[in-house]
Amino acid sequence: MSAGNLTLSLLVGVLFAGGSYLLLQRSLLRVVLGFALWGHAANLVLLVAGGPAGHAPVAGETTPEAAADPLPEAMAVTAVVITLAVTALLLALADRSVTLRGDDDVPDAVEDALAGGDDRGSMEETR
Amino acid sequence: MPPDRGSLTLVAALLLAHLVLAAAAAALTPRVGSRALLVGALAPAASFAWLVAAAPDVLAGRPRRSDWTWAETLDLEVPLRLDGLSLLLGLVVTGVGTLVLLYGVHYFADRRHGMVRTTAVLVLFAGAMLALVLADNVLALYVAWELTTVCSFLLIGDEGRDGEHRSAALRALLVTTGAGFALLLGLLLLGDAAGTYRLSEIVAAPPTGAQAATAVVLVLVGALAKSAQVPFHPWLPAAMVAPTPVSAYLHAAAMVKAGIYLVARLAPALAEVLPWRPIVLAVGVATMLLGGWRALAQTDLKRLLAYGTIAQLGFLLVLLGAGTRTAALAGAAMLLAHAAFKATLFLVVGIIDHEAGTRDLRELTGVGRRAPGLAVVAGLACLSMAGLPPTIGYLGKEAAFEAFVEPGTGHGWVLAGIVAGSVLTVAYTLRFLWGAFADRPGVEPRLERRPPLSFVAPAAVLGAAGVVLGLLPSVVDALASGHADAYPVEHSYHLALWHGFSPPLFLSLVTLVAGAALHLARDRVDAARGAVPPVPSAEGAQDGVARGVLAAAGGLTRSTQVGSLPGYLLVVLLAVCLGPGGVLLVQVGLPERYRAWDTPAQALIGVAVVIAVVGVVRIHRRIVAVLVLSAVGYSVALLFLLHGAPDLALTQVLVETVTLLVFVLVIRRMPAEVRHPPEVLRGVRAVVALMVGALATLATLTISARRVPSRSTEGYFAEAPAEGGPNVTNLIISEFRALDTLGEVTVLAIASTGVASLVLVTSRLRGTPRGGHDRPGRAEREAEKEDAR
Amino acid sequence: MTDAHRRPAAAPRARLLPAADRQDAGERSLQLEVLARLAHPSILVVAVYLLVVGTHHPGGGFAAGLVAGLGLVLRRLAGGPKELTAATPLPPGLLLGIGLLLVAGYAGTGVLVAGELLAGAVWSVDAGFLGHVEIPSALVFELGVALIVVGLTLDVLRTLGVDEPSEEDAEETT
Amino acid sequence: MSTTTLLSVPVVLPLIGAALSLVLSPRPAVQRVLGLAVLTAVLLDAVWLLLRVDAADRLVLHAGGHAPPLGITLVADRFSALALLVAVVVCLAVMLYAIGQGSAEKRIENVPSVFHPTYLVLLAGIALVLLTGDLFTLFVGFEVMLMASYVLTTLGPTVERVRAGMIYVSTSLTATILLLTTIGLVYALTGTVNLAQLADAVQQLPAGLREFLGLILLTVLGIKAAMVPLHWWLPDSYPAAPAPVTAVFAALLTKVAVYAIVRTQTLLFPRDEPWVLLLVLAAVTMLVGVLGALVQDDLNRVLSFTLVSHIGFMLFGLAMSSVAGLTGTILYFVHHITVQSALFLVAGLAERRRASTALSELGGLARSAPVVAVLFLVPALSIGGIPPLAGFIGKLGLLQAAVGGASAGVLVVAAVALVTSLLTLAAMGRVWLMAFWGESPREEPDGGSGTTTATRRASGLMTTAAALAVTAGVALAAAAGPLSAYAGRAADDLVDREGYRAAVLGEGAAP
């Protein structure tokens, strides 16, 4: 059994914690910032999953044993790009929100604060 | 016995004929109006003829059967079987069905709207009901059972234009399907315990034990609700808002008998399983008494008949569920009798209602004098209902008394109950006759003409049938024995008009006299009824349950579906921490060995990342927060580079730069500062965030301590040169796992389209009226409503 | 919708990118614009380099696309929306379409021609004085990737980068 | 047709179609024809795939010829082939509807330049999730599907849709990043992301870690599947989207997540005993969802809550951990896809007549639009479990499995399922009473029946599309025999993990 990497594990924790704190806010911009932190954290997890640091995985220049695991690296590239795409879309949503409502706060849905407020829809008579 | 191919084709054709003729009649309705029912009536009429033709064979103990499999994996077969009981019910369903449809031609003649649906559903119902009594598989029976419920819902609701129709339809639907679901579970348990879903096989080898007992309770719930027994009964009087042919057919003769039929079908097998007899007998007697008592209080003739029906259904339940031969014989006879007389009386009320415009007995006068033929028809039916000779009702009631005069557990109180119930029956029979046909001084007569013969004829046929059959006791005995012979013959009782001076004859006399006395003393009875303090009614209880469920649903939904994104994410994060996080902490725990870092540089960059993260979280000036975020991103890219992932680091740096620009472009248009969040939530938010962070650290530590080497690295290194170059990471992206990349760039392309559609749409929306494009939000609608008030 | 609705007066607006908000030529910084124009070809060369060397060195379609996209960003920052339009050969929708067509078509062609989904081939070409050059078929794929990334950057710049999208912009993209 | 072609078409062809659609974006008519052509081709492919898979068990494609663990493997077994077929049928019906609506109303959200490519990409993503045999590709497939869904939700971004989009995208993204993290954890502990290899590798982990991974996968996929208590986002986002979009979302997106849950749990975390935690979650999902449905006063919100509720039925079958239970899940899965899409399409038809989906604004539709009423009634009864419709078939499969399992806990959940059916029926009955019976609250707008020939034709197309979805549901009931037999075989496939491994890794593959 190998040993756990304390620094990277703590970093993942800090990024997730900071991201979570931002996710739980009303401003969509801060939510996006939170997702960005989460994205970094997830990529670091992939990095840790690939094992300890090593040489760049270039065939011929290094051996499979000495190289960093290339698969998580490739997966992280995919993830980074996807995060970029979603970030752009979320920011466009925020922009649209600013256009329509003047701010980027995520408003609450009001339907269920009202739903079932009276006894309509009983077996007796619905209207 | 091998399936009989000939009858398979014929029965299938008959059932199909209902479907086809329903469609044909519905198609004809817009052109010929209610006369389309004549076409529809062909289906039950043909079925009736087939049943009559098959009767001698069946009664000789040779049931007809056929097989058809719907879904083998689910044991969903549709075997059909015609035995004595099915024949009995089948004759009722098709016979009454034919006459009611003929009657409908006249009844619905003036109707403009909704006839297409009414026609189609009535004919469909006839088919479903026939299928129900012929089905030899519990699941097939259930299918037909629920079909009749849906037909009932649509027919009760009619056009659904007023609240009474709507709520009556919904009540009938919910009570009967709700109990139907219990029935389904019961039937499945029963089938599982018996090892077969075949009714005939279950009856031949009945299951026992706890599972059978549970099944019995659930099956009975379904059967009792369908047959309007206490405490499920309120849906039936409410259903009387339906047009009279519907009430006569569905809610007197046919559909409500489905529950009775099921009880009769299973009683030979399950009467000995413990909760069966106590439930059946107690509920039956209670229903009979309650129905009779409430019938005496009605002023609406139709509701009077409805409560009478409830009482009679209770009576039938006692007889057919008791599980003895004599009781079954009596039950079979009473079932025939009830179908004939109750349908007749409903049709008579329908005629009165149609011609006089009311069916309230306080507003009716002189009907007997103006329509004597109608009075005679009703009188014939009432003879049977009250149990007077020489009617079929008399045959049944004599046999019923006989069945419980015999010694047996609990027979004493059951006998007392059915005698009392019969007294009430006589009393409300008289009340009906008095109410419909008597002269009332001071009331304006409303009946202007004698109802046409074609209108009265179906009722007359049914009414006469009760007397004709009563005069042919041997025929009735043969029909009823077809079912009763399912029981072992203890001492052979036969239906007859004269059994000598026996206790049943004496009891019959008692009921007649007491019933007549009760009718004569109606004013005093009414006074007594008024003096009784109101007891909680079943109707109120059902409404209470509905209100309770709605209140609970409203409360739950209001308090949880709060519509707040932070709230929802909070729940998600908590779920992750408490569920998987809990398992990790409790069952896996902390790894034993650590290393601080791979290289000290990791720690240096790590400190920078931590500082930057704190900055992003704490800074409320948007632009600064975004810039600090980039610092996190670039630091992470450095970590990638240190780790031996230059491709990833390069992508990260470039993406971070682009991201930064996107951020800057967007926040130009936003307020510079984010509003400070309310203090209340800050603590919760911080706690949850720390929990997530702790879980993430724990998970990462665990995996980095328990990591197993990749299974693919060597393969990649070996194959890379042949695929175009030595850069393994890049080859994974463009070759080995190119499918992922294909998906990923698709995401990019669509995101890009989405950004454009989100932002650029503005110019197109401008100038178009908003209402045309958007569902108005709930809040706006509320506001509009407020304005309207 | 009026301007008052779109931009509430209460919201203080940061003047982050002065040049980006300036529309007329008089206000633009000429030096910056010229610099950007001069730099653009070199940036494109870097992008092409990254695209081609991907199989051997860090790089590949993503990196190439992102670098090319950053070149456009530079032009946009220096010269405003007009300059951006001048710098783009094709509307972003078309870029995205062609890019996606290249990557998906590459997959589809492989299925049809070679009976393999997304299998690459490597062609060795004798390129005169350059020596032996290996051209992987995946280069088509990488090119598609790069075009999509450029398309995205362009879309973002043209949409989020503009305060009041003009009618022509809308027509062009949709 | 070769295996490669059969398995590639559902993923690659829609993407090529989407690319062409983007290139051709100034020509809406061509885009429509293109979209329909692609969907038809994929439909034929899916039919063929289903027949092939049923005849010859699993079909396997190693993309690029790279065997696991180097490359990505696509696998079709009976469950994925069936799910794909139903998904394509629904997509086709919804596209017809959308085209009809687009011609009828010139709605902004039907700007075909965005709708058509995105819609095709959505299908490609769904196909990728259903066919992949690789955990990371599963993630990518989800992203493709979700990104398309983000764009479709916010077509014609009004205040309401932007708000719904924020909730929807944020919640989905949370799940996405958690899923990515989970994949990292799985990879670290096993050294592979190939599902067939994982099937074996996960078994060798200590029990605690195995349970942790199983639970975290259930949780993150549960967010996407709208499993209570992770479902809150759904009723607050789906109803805001345009009718055809809501229909396809409700039919497919959550179900694809359910598919992923079933696939990962059966393959990686097999169980012999009923899974108590999931039983509880299934029961709670059923009840919370349906209670929510009972008190809504907007048709689309009622339907969204029943959608949540009925996810519970599918989880119930999985939680029983038996072949019979899985058979029930598959039957319910198929039924629910068709029925839920039909209901939302019909809600769209109703909305078209009254320009609202508020129950108080509807009313009297049975009289003024009898066809719409029938089209609503059939799926509404079906979802309430009324025989002989498809919902009954699914419910019957689940109940039989529960009764056959003879475990008290399972029977309790079966009873909850029946109560839920009743409450669903009550919710549908309430809708029927308020929207279809009663009096119309106002005059029908002209758009209801259509004024011009073109509008009428488009309107007819929408009705036809809805009818197609309804008919698909009825056809499922009619075909209950072969369907349930097929579902039984598909469930056998799901528990036959050795067979899956052998098919993907080659016979006798070393663990």
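As written, the chain order gives the labels A, B, C and D, with residue 1 at the start of each chain.
Note that a contact is a pair of C-beta atoms (placed from the backbone, for glycine too) under 8 Å apart; a residue touches a chain by one contact, two chains touch by 3 or more.
Because the structure is a prediction, the values reported are computed rather than measured.
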{"item": "Higher-contact pair (C-beta pairs counted), C-D versus A-C", "value": "C-D"}
{"item": "Intercentroid distance (Cα basis), chain D paired with chain C, Å", "value": "36"}
{"item": "Separation of chain A from chain D, taking each centre as the mean of its C-alpha atoms, in whole Å", "value": "24"}
{"item": "Centroid distance [mean C-alpha coordinates] between chain C and chain B, Å", "value": "60"}
{"item": "Shared-contact residues (touching 2 or more other chains) in chain C", "value": "7, 10-11, 58, 62, 93, 96, 99-100, 103-104, 107, 117-118, 120, 152, 156, 159-160, 173-174"}
{"item": "Sites on chain A at which at least two other chains make contact", "value": "23, 31, 41, 45, 48-50, 56, 71, 75, 77-78, 81-86, 88-89, 91-93, 95-96, 99, 103, 106, 109, 111-112, 115-116, 121, 126-127"}
{"item": "Multi-chain contact sites of chain D, meaning residues that touch two or more partners", "value": "15, 18, 22, 63-64, 111, 114, 117, 136, 140, 143, 147, 150-151, 154, 157-159, 166-167, 170, 174, 181, 184-185, 187-188, 235-236, 292, 294-295, 298, 360, 430, 433, 438"}
{"item": "Overall pattern in which the protein chains touch one another (line/ring/star/complete/other)", "value": "complete"}
{"item": "Chain D-touching residues of chain C, taken from the complex the two chains share", "value": "93-94, 96-101, 103-105, 107-108, 111-112, 115-120, 173-174"}
{"item": "Residue ranges of chain A touching chain D (in the complex, touch as defined)", "value": "23, 28, 31, 35, 38-39, 41-42, 45-46, 48-50, 71-72, 75, 78-79, 82-83, 85-86, 89-90, 93, 96-97, 100-101, 106-107, 109, 111-112, 115-116, 120-121, 126-127"}
{"item": "Residue numbers on chain D that touch chain C, as the complex places them", "value": "2, 4-5, 7-9, 12-13, 15-16, 18-25, 61, 63-65, 74, 111, 113-114, 117"}
{"item": "Complex interface listing, chain D residues touching chain A", "value": "136, 140, 143, 147, 150-151, 154, 157-159, 162-163, 165-167, 169-170, 173-174, 176-177, 180-181, 183-185, 187-188, 193, 235-236, 292, 294-298, 301, 360, 363, 430, 433-434, 438"}
{"item": "Sites on chain A touched by chain B in the complex", "value": "1-18, 20-27, 29-33, 36-37, 40-41, 43-45, 47-61, 63-64, 67-71, 73-78, 80-89, 91-96, 98-99, 103-106, 108-117, 119, 121-127"}
